[in-house]
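Step one of this worksheet: look at the structure below.
Note that the chains are named A, B, C and D in the order they appear, and that numbering of residues resets to 1 at the start of each chain.
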Amino acid sequence: MTRIDWLAIAPELVVAGTLLVVLAVDLFLPRERKYYVAALAVLGTTLAMVPVILMAVAGDSYSMFDGSYVVDQFALVLKGVFLVAGYLVLLISVSYVESDRFYQGEYYLLLLSSLLGSMVLTSGRDLVVLFVALELTTGPLFLLAGWRKGDLRSNEASLKFFIIGVLSTGLMLYGMSLLFGLTGELSFAGIREAIASAGLASEPVLGLAVLLILVGFGFKVSAVPFHFWAPDTYQGSPPPVTAYLSVSSKLAGFVAMLVVIYLALPAVTEFWGPALWLMAAASMTVANLSALRQTHLIRLLAYSSVAQAGFMLVPFAGAAIADDGLAEGLGATVIYLVIYAVMNLGAFAVVIAGGRRIGSYEISEWRGLGSYAPRQGVMLAVFFLSLAGLPPLAGWFAKFVMFRAILISTGPAGVWLAVIAAVNAVVAFYYYARVVKSAWFDKAPDVIPEDTEAGPTGPLNLAVGVSLVVVLVVGAFPAIATFFGDAAAALVP
Amino acid sequence: MGVEVILNQFLILAAVLFVMGVYGLLVRRNAVMVLLAVELMLAAVNINLVAMEAFWQTTEALGQILAVFIITVAAAEVGIGLAIILLIFRNRRSANVDELDLMRW
Amino acid sequence: MVNAGLTTIYLAAEEGAIHAGTGGIWSEWAGLMLIGPMLAFLVIVMFGKRMRYQGAEVAIGVMAFNLIWSTVLLVLNMGDEGVLYERSIEIARVGGGLVFELGWMVDGLSIMMYWVVAAVGLAVFVYAHGYMKGEIRVTFFFAALSLFAGSMLVLVGSPNLVQLIIGWEGVGLASYLLIGHYWEDKENSSAAMKAFYTNKVADVGLIIGVIIIGVVLGSFHYWDLAAAAAEHSDLLGPVAVTAAILLFIGAMGKSAQFPFHIWLPDAMAGPTPVSALMHAATMVTAGIYLMARTFPLYQELATAARPWMIAAGTITLFGMGLLALVVDDIKRVLAYSTVSQLGYMMTAVAAGGYTAGLFHLFTHAFFKALLFLGAGSVIHAVHSNNMSDMGGLRHHMPHTYRTFVIGSLALAGIFPLSGFWSKDEILATLGYEGYNLVMWIAVAGAFVTAFYMARAVSLTFFGEYRGHGHPHESPRIMTAPLWALAVPAVIAGLVNIPGLKLPLIGSFTSWLSVRSVSMGDHHAESIDLGLAAAGLAAAVAGLWLGWVAFGPKAAKRRAERDWVEVPGLYPLLRQKYYLDHVALGMVWTIRSPLARAVNWVNDYVIDGVVNMVGALCQGLASLVYRGVDQRGIDGVVHGVSYGASGMGGLLRRIQSGRVQQYAGLLVAGLLLLVVLVLFVL
Amino acid sequence: MELFEIWALSLIVFLPLAGALVALAIPKEREEAVKLWALGVSGVTLILAVIVAARFDFGAAGRFQFEVDLPWIGAIGANYHIGVDGISLPLLVLSALVVVLCVIYSWKHWDEPHNPRGFLVLMLILATGMNGTFVALDLVLFFIFFELVLLPMYFMIGIWGDRTMRKIPGFKKEVETRLYAAIKFFIFTLFGSAFMLLGFLALYFKSGSGGLDPTFDIPELIGRGFLFEGTFAWLVFGAMFLGFAVKVPMWPFHTWLPDAHTAAPTVGSVLLAAILLKLGSYAFIRISIPILPETAREWAPFIAVLSVIGIIYGSLACLAQTDVKRLIAFSSVGHMGFVMLGIATLTEVGINAAIIGMVAHGLITGLLFFLAGSMHHRYHTREMSRLGGNLKLMPVLGGILGFTAMASLGLPGLAGFWGEFMALLGSYQPLPGLSTDFFRTAMVIGAIGTVLTAGYMLWMLQKVNLGEPSSEWAGKKFHDVDRYEMIAWVPLIVLIVAVGVYPKLVLGVTTDAVVGLVETAFSSVLGG
């Protein structure tokens, strides 16, 4: 029975509408007023929050298109997260895009498209919606990565991202086709039932299908060994885009992984469990070690985000091992995602703000930041140390639930992964601290850099402020974050 | 005989096409050729889907639906890809993907 | 002679059958004697500099107060009914049923010690006021002296072993401070360190011994120890010998028994009043006091420990006496003499001569303090410690000369001075207990004692003056204490003349033994004339020989040499039996190779591992980043592509670009996962 | 009245943090205002702590008082559960006191690059972490506070630390001491606490077996001790051991300590020595032993061995130092060895020894670091070969140094003695079931350690305090102890004496709690 509940898709509609308005308005705006579109975009995302909050408060659940499109607490929570992340990225973008004076209208258009894609993703409950939403999320980003058209690095970032992207999409689609071939279903529920009724859970071809699908997600979340594009692309892309890539795009990958694994393939732990265990361990280890060698802040953040992806995969591995791991793992992943999104965006915001002033992302050039710009220095320290997982900054709770989700299984596999994660958490601290060290402990350069770039810094500061408040408050009262986790856990029956 | 055999043949065809696509993507220097390799992969997927739909005969013709979406999205992707390649070609006078190593440590 | 049964007397005391008064308020407030000097210490430290006499008045005042108080107690304790009182304040309950307490005990033994400390202390304090005039840090000097007095009283007044340790180390600290009074010279501060450190080493024994007793008995109280010993407690039995020897090791340190005596001669670096009070009269007797306090343990349970103690005591009394023969420094002569006399006391107590040992402690305190103060007076006059810079001083310093001679004769054991009686008591006890060899060594020791004292007196007061300047007699404030001490040096023996019980005063034994916790010794009830004669003969012979060898005539004969160069023996003595070398060697070993080795281990092994892990992580990071993440993919990609090309045979030459490396690795990773997940796991 | 019971501990914990935030609002230039504010905040905290101590029911020291138990992170079963008992009360008061003294001390003593506001803010945050650790009765809460102290200390060392270049064995390049020390401190501690957290989580899940709700609540977990046994308990103990032992620090996890102490600014060193080190040993008493008593018995000999090695090793290492601060730092290794030896005996006496040892070490070593800092402030060097005659140049400072050194070497009658003595006392008769021969050997070695301790302290005194001042300082005018230093030090001196003479000040509170702890934990072996 197909009935469209307009409230349920109101958030997507608002974003889509904003997107169109941006496109239209952009045509008529004179060059120097282009930043109006930014305001519009910000307004749109803010507006889109309203129905999300309304529905979340009401606690309703809507199912449309034969169950292909579901708006439940899980979807709402993640829509909210995507919107907030999008909102922050927009704020971060304003000054950067303004200062570089490149196609502002299109920039926001594409960003909003990607945002729309990820919002749809949260509600998609069959492979078609999932695929389309994923592509909508990623496609605009291929272009945004190359947005600094004259910059060879940006071009390169874009092409690399694109090629790896389409390759993984191809592999994922091949996996989906196999899945369809085995089950004759595209909806997650149908696939789950087909697997159960036909006893396919141990079928090797199903395993191949699962692994192929995981490639697609692995690419999106940039987990080792599907992460190779990330450092280059992050480094080459305009930093606000990188921020978006490292947060929203990664989140989208995780959301896709969550719905597919928990709704379609909960019984197939035999395949995705070990695979994700390996990916988690490899991501943490390889990325953390690689990050130790980085001298470029954004590239360091790239490896950091790969490592964080590794941490976020840990609960999945736990979910496969423990009896009641699924719900625990889901909650943990969502909490980690929420906290990661905010703190990573905060980190990017600070880095971009500092980058404006310093004009370089080489860590050594950031020396003495704390002495001449203490506020920025403090923010830098807060976000980076939060990423490192130090109490009382929000990051600790993310790590905490992650450990919790893996230790729920008492078997050796779980304990070993926990130990690997623990050691990695320590290693990770080293490179985060290196940035802090440079900013605070090293002597400032003789000529103190001044912020000479044009463009408003207000939105950027607002983004930093919002992130800061969240990081501090959630760090002290993690119960706020568990609310998201609990709400999302409703996904698992 | 019948559906089983034919299905298997289609699947094998798709698999071969897919592997060729992957291979092409890995080894061709020219970016346009890489794009074509991707098309090959997607074509393989589509063949798979259509063949399997023929096997399952689902009421909503699910396989075809997905295949149509894939074709559509693939077109968009190629558009994006070509745009990027064009951009690079303008800047570098070359569209060879193996020359892109500015960010190699 | 009488063998008073320890067990019966102790049990009688327990049941209250013993005739002992409590001493009334004099006992109840006896703690004031302990606290007084401590307060004086604080007051002097804080306000001393602003006082007219730089704090000396406070110290002396407190000491006078103590002397009065302890004299009253002494008097109360005389006669038939003695004083027995104890008061403790719990300072901590530590679990395991153990309690730490501070308090004071008023019984024969402690009263005797209170009085000795106060009497000698007052004399020395007054003397020091004159001696230290014009010296640096007088205020601090008196503060430390007060601290010492306080600690010493805490030590001897303690009803339990824990408080004993507090006092024990307190006097050690005071000793450290005062020996190093002139710390500008490294020699002095080193001497102070040596004193403190040697004691600290020995204290390990004391502390462990106390711990064993405390844990085993569940109490640190002397009473409980005595009771357990008297009852031959099963708890205490198995560890008694160990504990006894450990306590003895502690006592050896404080009382400078061989081989822990090495600190005492060096301790003479301190100002002379300090040497007189601490390193002769009181502090160094703490070990003897401890042995007396814990006497029942040795007497009843730990008899196996006694031979060792006697051996140590005997070696000390004879061997250290010999050393006094060859040193030039007058204070060192007295120091070795002190060590030797402590050996007498230790031997006596160890042999069971409770009264004998303490009696010698009592008399020795006076005449040795007297001798030191006399030496100080001389040093004050000639500005040198060396006897080679003295000579002929009897004309210049008549008071000093006379008192010094009195002290020397007392020390030598010449009838009827106090030393004679106490030494005789020791000899008698040794004889009675059957330690004949030891007894004869002790007699020989008496000879040596007399010998070196004769040498010292001769070199100092006779012959020609060899020093610089014109020595003058010390001021009255210094000579008065000399005379004050000379009196007890002469008459102190009267209190314990065997068989003689003075009216009112009673006997020394009765002071100590009836009302004391530790009883049951053997003391002479009558004079063994033969033994007394032997001892006296040895002393006279020693004096005579000393006079002949070092008297004025001899000095003229050998102008430059003031010692006897016996081949073989002489170098050994000059090098102090090489014990300092051994000790220094040990310290050096710890200080230099061992400590450096540990530090090296710390910096290069443990930290090395830490840094290596760090470096390894960095290296691993490089390897992973450059080798795997950024380049090693070449190899993998080549592999994959090679496989592909091998299959297809389409390309002969593989050309892989950057992005394709990434793509290749992605595919390779996928294949790896497939293999692992589908086929391996 | 009731209101106070509820709010007191929370105020003690969070007042400094709130104060820190407010301090950030004061303009950086108004240094006096910042200092006064910090003093006020820490002073009020101290007063509150003292009132808590005064209103503490000493008759029920084994019970948690001023308890607050509120839901905090419901989803993971973590509560805001705080309270003090006899074990934590002395440490809490000590912590509050030391912070006040540090504020006073730093009034006129600022290391480069100055910035009092930043420094005081960090100090106040540190205070929250320290106070919080001592009152936390929930593992997660404990973890948070335990970790909270890292950051401020990291910045203190890193920013205000020693800037001399140092060659690190094993590395080619020279680095600034502070940089090396800061990261080393952090990595070490973080490494330990990561495993500690794993241990906590494992306890949590295991506590849920048998139909019970899993919990992080410490008293609750103590009651469920029977659930933890075998290999599981062994591993959990090991994981927590790593976390705590690094903090203590026990040999061989101690090497961060000398570096951190040497590099840290004076006040940082003081706080590090006086309080931070106690967090580890306190955690053993609060968490490891009561929750996993059986496993503690298995681990005890191992802990004892490490402690004894620490005692000897620390003392020997001291003898090889040329830097005063580094020497004092190594002395901490030795002293904490005694604390841990006491804990390893698992007896009432031993654990009591550990607590009074902690308090004493806090007072004494804190003061020593103050002194070392003040000396460095005046001489601009810490090399002992260049010092000497300190007592002559600055009699009061030298005198206090002498006093403190004596206290540090365990002079009876001063605070340091009881910890050492009681640790040895406990080792003579460890908990039934532990090898007495083994622990008695440990006791003897420990006692030898006291000798070595005396050795290096005396040696240090001789080098620094005594002798003629080197010609280098001839004609230079040195200010003896100034007013701020005096105000900061006198309380410590008084307490060192007071605790030394009347240890009941500490033990009077702790004994009941410790006895309760031991009896509950080891009822099986102690019974009958």
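Quick note on the criterion: a contact is a pair of C-beta atoms (placed from the backbone, for glycine too) under 8 Å apart; a residue touches a chain by one contact, two chains touch by 3 or more.
None of the values given here were measured: they were computed from a predicted structure.
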item	value
Top-ranked pair of chains - ranking by C-beta pairs in contact	C-D
Centroid-based (C-alpha) most distant chain relative to chain B	C
Chain centre separation in whole Å, for chain D relative to chain A (CA means)	41
Whole-Å gap between the CA centroids of chain C and chain D	34
Approximate Å spacing (C-alpha centroids) for the pair chain B, chain C	94
Centre-to-centre distance between chain D and chain B (centres being mean Cα positions), rounded to whole Å	64
Where chain A touches two or more other chains at once, by residue number	159-160, 163, 167, 171, 231, 293, 430
Touching two or more other chains - residue numbers and ranges from chain C	625-626, 658-660, 663, 667
Residue numbers of chain D (touch at least two other chains)	187
Pairs of chains satisfying the touch condition	A-B, A-C, A-D, B-C, C-D
Chain D partner contacts - residues on chain C that touch it in the complex	90-96, 98, 100, 102, 151, 162, 165-166, 168-170, 173, 176, 180, 183-186, 189-190, 193, 196-197, 200-201, 203-204, 207-208, 211-212, 214-215, 587, 590-591, 594-596, 598-599, 602-604, 606-608, 610-612, 614-615
Interface residues, chain C side, partner chain A - complex	617-618, 620-626, 628-629, 633, 658-663, 665-670, 672-674, 676-678, 681
Touching residues on chain A, where the partner in the complex is chain B	127-128, 131-132, 135, 139, 142-143, 146, 149-150, 152-153, 155-160, 162-163, 166-167, 169-171, 173-174, 176-178, 180-181, 184-186, 231-232, 235-236, 293, 299
Chain B residues within the chain A interface of the complex	11, 14, 18, 21-22, 25, 31, 34, 38, 41-42, 44-45, 48-49, 51-52, 55-56, 58, 62-63, 65-66, 69-70, 73, 76-77, 80-81, 83-85, 87-88, 91-92, 97, 100, 102-103, 105
Contact set on chain A toward chain D in their complex	331, 370-371, 374, 381, 385, 390-392, 396-397, 400-401, 403-404, 407-408, 410, 418-419, 422-423, 425-426, 429-430, 433, 437, 440-441, 477-479, 482, 485-486
